[in-house]
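Here come two complexes built around subunit A, the first alongside subunit B, the second alongside subunit C.
Showing the complex of A and B:
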C-alpha cells in the first residue's frame, strides 16, 4: 500500500507473458498487401526460417486473401469470412500441418476472432462447417496453434542475434540506434492473450530490438493508431483522418530522434512510410534531424539486414521514406549506386496522390 | 465465559471489540500487521467533513491497555476449523485460538492499479494512486514524484471499479466522493493548481456529498469531465499525457498533467478470497463475504457463531463501517445470551 513507484517498477502484470508459440512446422499464410508494397519482407521471413533457423514450413499457392479488408469495411459478411477462414484451415489440414503462422496482423485478427467466435458460440462453428462443405465439399479442423510471423522471429530472436553480421549500432558514434516500435492494433488489442506481453505494452518487437543491440523509445503516442484505420483510408474523403493520425505519431516521436520505426503490420508499415513521404512532398516537413524522414521497416527486413542479406534483395529501395541513410548508419556493405538507381525507378512507379 | 475472537484490527474490528469490552466480554483481537487501524492508517482526512482520521483512530488506542483484550499483532490466520462446537482459529505461526464466536472484520484491499496498464501506474513515475496522495496530505507536502509542485493534476475515477476488463463490475461507491475530497484538499494546499476529474458518473449517495461536489465546482474551481481515460503516456519532461473522450460534448480530448491520481477502488481482502477456496463460508462473485441477507441479517453468516463486520461484506464508508460493526457486536451479545 505504501510502496513507492520505484519499488513496484518491475511488476507489470503482462510483462512476462509469453504465449505458446509453436517451434517448427509452420503452415505459412501470406499477406495480400505486403506482397504488393514490400514483397521482400515476406520472402525474407521464409529465407530466415530456411537458411538461418533450419525450420520447416509450407507455403501453399492455393491460399487466397483472408478478406479482412472487405470484412472490416462491411463488404464481406461474417458467415462469408468464416467460410473463407475455414477453407484456409482445410488446406492446412490437407497439407498435414497444424501450426498456422500468419504474415499479416489483420489476418491474424480475423483468424483469432473466428476461432474465438467458434469457441464462444459453437453453433457458428457448425454453421461454418456446413457452409464450407456446401460450397467446396471440404471439411476442416482448426489449427492446434496459431501465431503471427513476428511471434516466430521473437521466439528465435536470440538465435538470430547469435548469427548477426551487423548490430543495431550507429557506426559513426558507437551508440545503440534509437528505435520506435509500432505493433499493429489487431495483433493484441482484440485478444491480449494472443500477443506477447499483452495489449498495452506488447514486447514482441521491442524485445527483438533489445536482443539485436538497439534501444526502444517510449514516446507519448506509442500506442496511437498508425493512421491506417480501414474506413478512414478506404473512403477517399476521409483520408485526412488517416494522415492526421500518422502525423500525430510522427510529431510525438520526433523529439526523441528515432533512427527508424519497426512494425509488424502491413498497414502500419505502409502508412507510416507513405504518409511521411506525402507530408514531406506537400509541406516540406520531415521528422528526422537529417531531413530524410524516419525509415520504416518490418521486423523481417531488419532481421534480414542485420543477418547480412542484400538490401536490394530485401527490397528496401521500394520504401518511400528513404532507407539509405539508415543503411549507411548501420555500416551495411551493399551496392549503393544500384540501390539509388532502383529506388529512383521504384519512386517513378509510385501511384500519385 | 464465552471466548470471542475478532479477526481484523481495522476500525470495524476495533469497534466490535470496543462494544464487547464495554459489556465486559473478553475479546481476542487478531491483526496481521504490526499496528491496529487497518486501511484508515493511510488516510489523513475523512469525507464529507474533513474529520481527522488519526483522531478517530486514536480514540481506540485506550483499548490496547484493557485487561480483557488479548491483542495479537503480526498474526495471520491460516484456517478456521469449524468441525467442533468450539471453533479453532489456526494462525500461520501454528498458534491455535479456540473461540465460541468469531467476528470476521478483515476489511478490504485497494485495487492494484498496475492491472490497468494503460494508465501507466508503476511504469510512469508521475502516475500515483489516491492512497499515495493521502500520504502527501499527511505530510502536508504535495509534489509530483519527479519533485515538482504540480500545476495541473488529473483525478481518474473508477480505477478498478465498474470495469469488466479487470474483473470488477461493481461500483466501489466511495471513490467519487474521495476524489472530490482529495481535490479540495489539494486546492487548499495548492490554490493555484488546476484540477480535472475524469468520471463516468458522480455517485454522491451520502448526505452532504452532493454539497461537497457543488463546493468543489463553485468554491474551488475544480473541473469535471465526464469521460473515461483511454490511456496515459509519459512525455519527454515526465508529465503525463492523457487521452479521454468528453462524453458530454462527444469529442475526444487530450491534455497533459504534471501528475495523475488513480482513484483505486475497494476489493475483497486476501483473507476472504482465500476463504472462498478453503473454508466454505459464503463468498460472493466479487470475493466479499456474503451475509445471510443484505437486509436484516447483514451481520450473520450461515455458520452459527460466525459474524461479519465492516467492509468484509463490501465497500463502506468509515461511518457505515462503524454502524455495521456496532450491529455485529449486538448480534454477538445476543448469541452469547442465547448460548
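Showing the complex of A and C:
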C-alpha cells in the first residue's frame, strides 16, 4: 500500500504546472530584442493593460538590460548577472511594486534561475546583496511574484475575447485560422513549474488562440528550438546553426498549412520572421501556398489586432515576412494603402494595390 | 591549471550534475547534436569523471562551444541533469583559465565581447538598433535595412522613444544609471573578465602569427 502511494506521489500531475499569476500592479521589464525589432508589441501590451483591462503598471526608465544575452553567450560572470538582476529588483522595491512582469523569455529564464540559485545556495544571495550594496549603495528584496508578459495575456484571455472586434476566423471561408504556437525555450524548459502547462504541454499561447477562435496545429517539431543559439547566431561563421533549426520547424509545419505563427519570445519571433526571407532568397522556397511565407506575430500583436488597434501603430510594417495576407484573411479594417506604401518603401519596390 | 575544487563548487555544476545513466535523451533532442558532431552526454561523462586531464582537454577544445543554450536537455533528463547549464560553467572556467584560446571557437569569444559586451557597456542594452548593420546582419533583410536608415520615423510610428530620456522602448539610459551599470560590471569582475579575454586572444594571435 505504501509503495502504491509512493508511486502515485511520483506521478506528474497537470496541477503541478498551473502557476499563480499575479492579477494587477505589474512592474514591467522590457526586452532588448523586442524593443529593437518589434517595439510596438511591448507598447501594445501596455495599451491593452491600460485601455482594455484597467490594470495598473509601472514602466521604469531606470531599468536596463538584464545582460541575459551576454550571460548565455558566456561573457557575463554569474556574480555580475545576479547583481544586475538584484538592481532591477531594487528599482521595483523603490517604486512600491512586488509583481515583476517580464517581456523577454531569456530574461524570464535568467530571473527564475537567479531566484532558484539564491534559494538553493543562500550564500550566493548574501554575496549578491554585498555586491549590489558595494557597487551601487542599493539594497533589495526579491519579488513576491514573477510572471512572463504572456502569462498575463493568458490570464485575461477570456476578458480580451469578450472585447474582440475580430476573431481568428478566415473571413473568406468562415473557418478558424490554423495557428502554430511557438513557446520560447527558456519560458518553461529550465523551470517547468514557472510555465503555464510546464515544458511538455505549454498552453500559454494555445489557450489564447483557442479563446480567440483559432485552431492550434500540432506538428512534429512543435517543441524544437527556433535555433537562436546565442553565440551560434552572433558569430557569423556559426549562424547556419540558427537558420538550420528554424528551417527544421518550417519544413515540419508546412504540410499543415498554418495561417500564421504566434510566439511569446522576442528572439524566436525575429528569427522565424527573418529566416523565411533568407530561405526564400537563397533557395526560392516559401512555406505558404500563396508564396508569401508564414506571417510570424507575437501574442501582443495578435491580441491588439483582434481588439482593433491599428496595424501600423502595432508595428506590423517592421516584419520582414509580409503580414498583409493575414490582415486580409482576418478582415481587418485599416489603411491598406498606407500599409502597402510603407511596405513598398521598405522593400524598395513600386507600390502595387 | 583548472582550480578543481572551485570548479566543482560552482552552483551550476552542483545543481545540474547528478549521476548520469547514459540514456542519451539529452543527445537525442539536442539541436546542437543535430548540427555538430556533438553529444551533451559526453560532457556529462567527462565532468562526472573528475579526471583533471580529461577536463583540461575538454575545456581546451571546440566541443564546449557547440551548445546553443536552449536548455531542452534540462526539461527532459530523467536524472534532473542539465548539460546546457554545466556547459555555462565549463565555458566560464575555460575562459578564466585561458584554456579557451586553444580552441578556434573559444577564441571567438572576443567577438561576443566586442559586440554584445560593448553594447551593454555603451548603451545599457545587449542589442541596440544602431549596431544591427546590414553588413554584419544581411539576414535581417530589406525591411530592417529600411528601419535602420529611417529610425526616427519607424520608431515614432509605434510610439517608441528611441535615444530620448524618459520611459519607453529603446529610450536613452541616463548617465546616472549607466554609472551604476559600469560600477556593477567593474565591481563583480566582468570588466577584468573581458580584458582577460581580449589579452589572451591577442597573445595567442601574436604567438601564432608566423606559424
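Operating definition for what follows: the second predicted complex is superposed on the first by the 328 of 353 C-alpha atoms of A that agree within 3 Å, B and C clash if a C-alpha of one lies under 4 Å from a C-alpha of the other, contacts with A are read in each partner's own complex, and residues count from 1 in each chain.
Methods note: contacts are C-beta pairs under 8 Å (C-beta built on N, C-alpha and C of every residue); 3 or more make two chains touch, one makes a residue touch a chain.
As the structure is a prediction and not an experimental result, all values here were calculated from the model.
Engineer: Applying the touch criterion given at the start, work out whether A:256 contacts subunit B, subunit C, both or neither, answering first, second, both or neither.
Structural biologist: first
Engineer: More residues of subunit A are touched by which chain, subunit B or subunit C?
Structural biologist: C
Engineer: Who does A:274 touch here: subunit B (first), subunit C (second), both, or neither?
Structural biologist: Touch status of A:274: second partner only.
Engineer: Contacts for A:185 in the overlay, against subunit B (first) and subunit C (second): which applies, first, second, both or neither?
Structural biologist: second
Engineer: Check the residue A:79 against both partner chains and state whether it touches subunit B (first), subunit C (second), both, or neither.
Structural biologist: After superposition on chain A, A:79 lies in contact with subunit C alone.
Engineer: On the A-aligned overlay, A:200 touches which partner chain: subunit B = first, subunit C = second, or both, or neither?
Structural biologist: both
Engineer: After lining up the shared chain so the two structures overlap, which partner does A:173 touch, if you call subunit B first and subunit C second: first, second, both or neither?
Structural biologist: After superposition on chain A, A:173 lies in contact with neither partner.
Engineer: Which holds for A:225: it touches subunit B only (first), subunit C only (second), both, or neither?
Structural biologist: In the superposition, A:225 contacts subunit C only.
Engineer: Check subunit A for residues that touch subunit B in one structure and subunit C in the other, and list them.
Structural biologist: 200, 223
Engineer: Okay, in this complex, where on subunit C does subunit A touch?
Structural biologist: Within the complex, subunit C contacts subunit A at residues 10-12, 14-15, 31-32, 34-36, 65, 68-72, 74-76, 82, 88, 91-92, 95, 105, 108-109, 111-113, 115-117, 120, 124-129, 132, 136, 139-147, 154-155, 157-160, 165-171, 173-174, 177, 180-181, 183-190, 193-194, 197.
Engineer: If you look only at subunit A, which of its residues touch subunit B in the complex?
Structural biologist: Going through subunit A, the ones touching subunit B are 1-2, 4-6, 8-9, 11-14, 198, 200-201, 218-223, 255-256.
Engineer: Could you list, by residue number, the parts of subunit A that touch subunit C in their complex?
Structural biologist: Those in contact with subunit C are residues 30, 32-37, 39-40, 42-43, 59-62, 64-65, 67-80, 83-84, 87, 109, 116-117, 120-121, 124, 131-132, 134-136, 138, 185-186, 188-190, 192, 199-200, 223-225, 227-232, 234-241, 243-245, 248, 274-275, 277-278, 312-315, 317-320, 343, 345-348.
Engineer: Of all residues in subunit B, which touch subunit A in the complex?
Structural biologist: 39, 42, 110, 114-115, 117-118, 121-123, 125, 127-128, 131-132, 135, 145, 231, 233-236, 241
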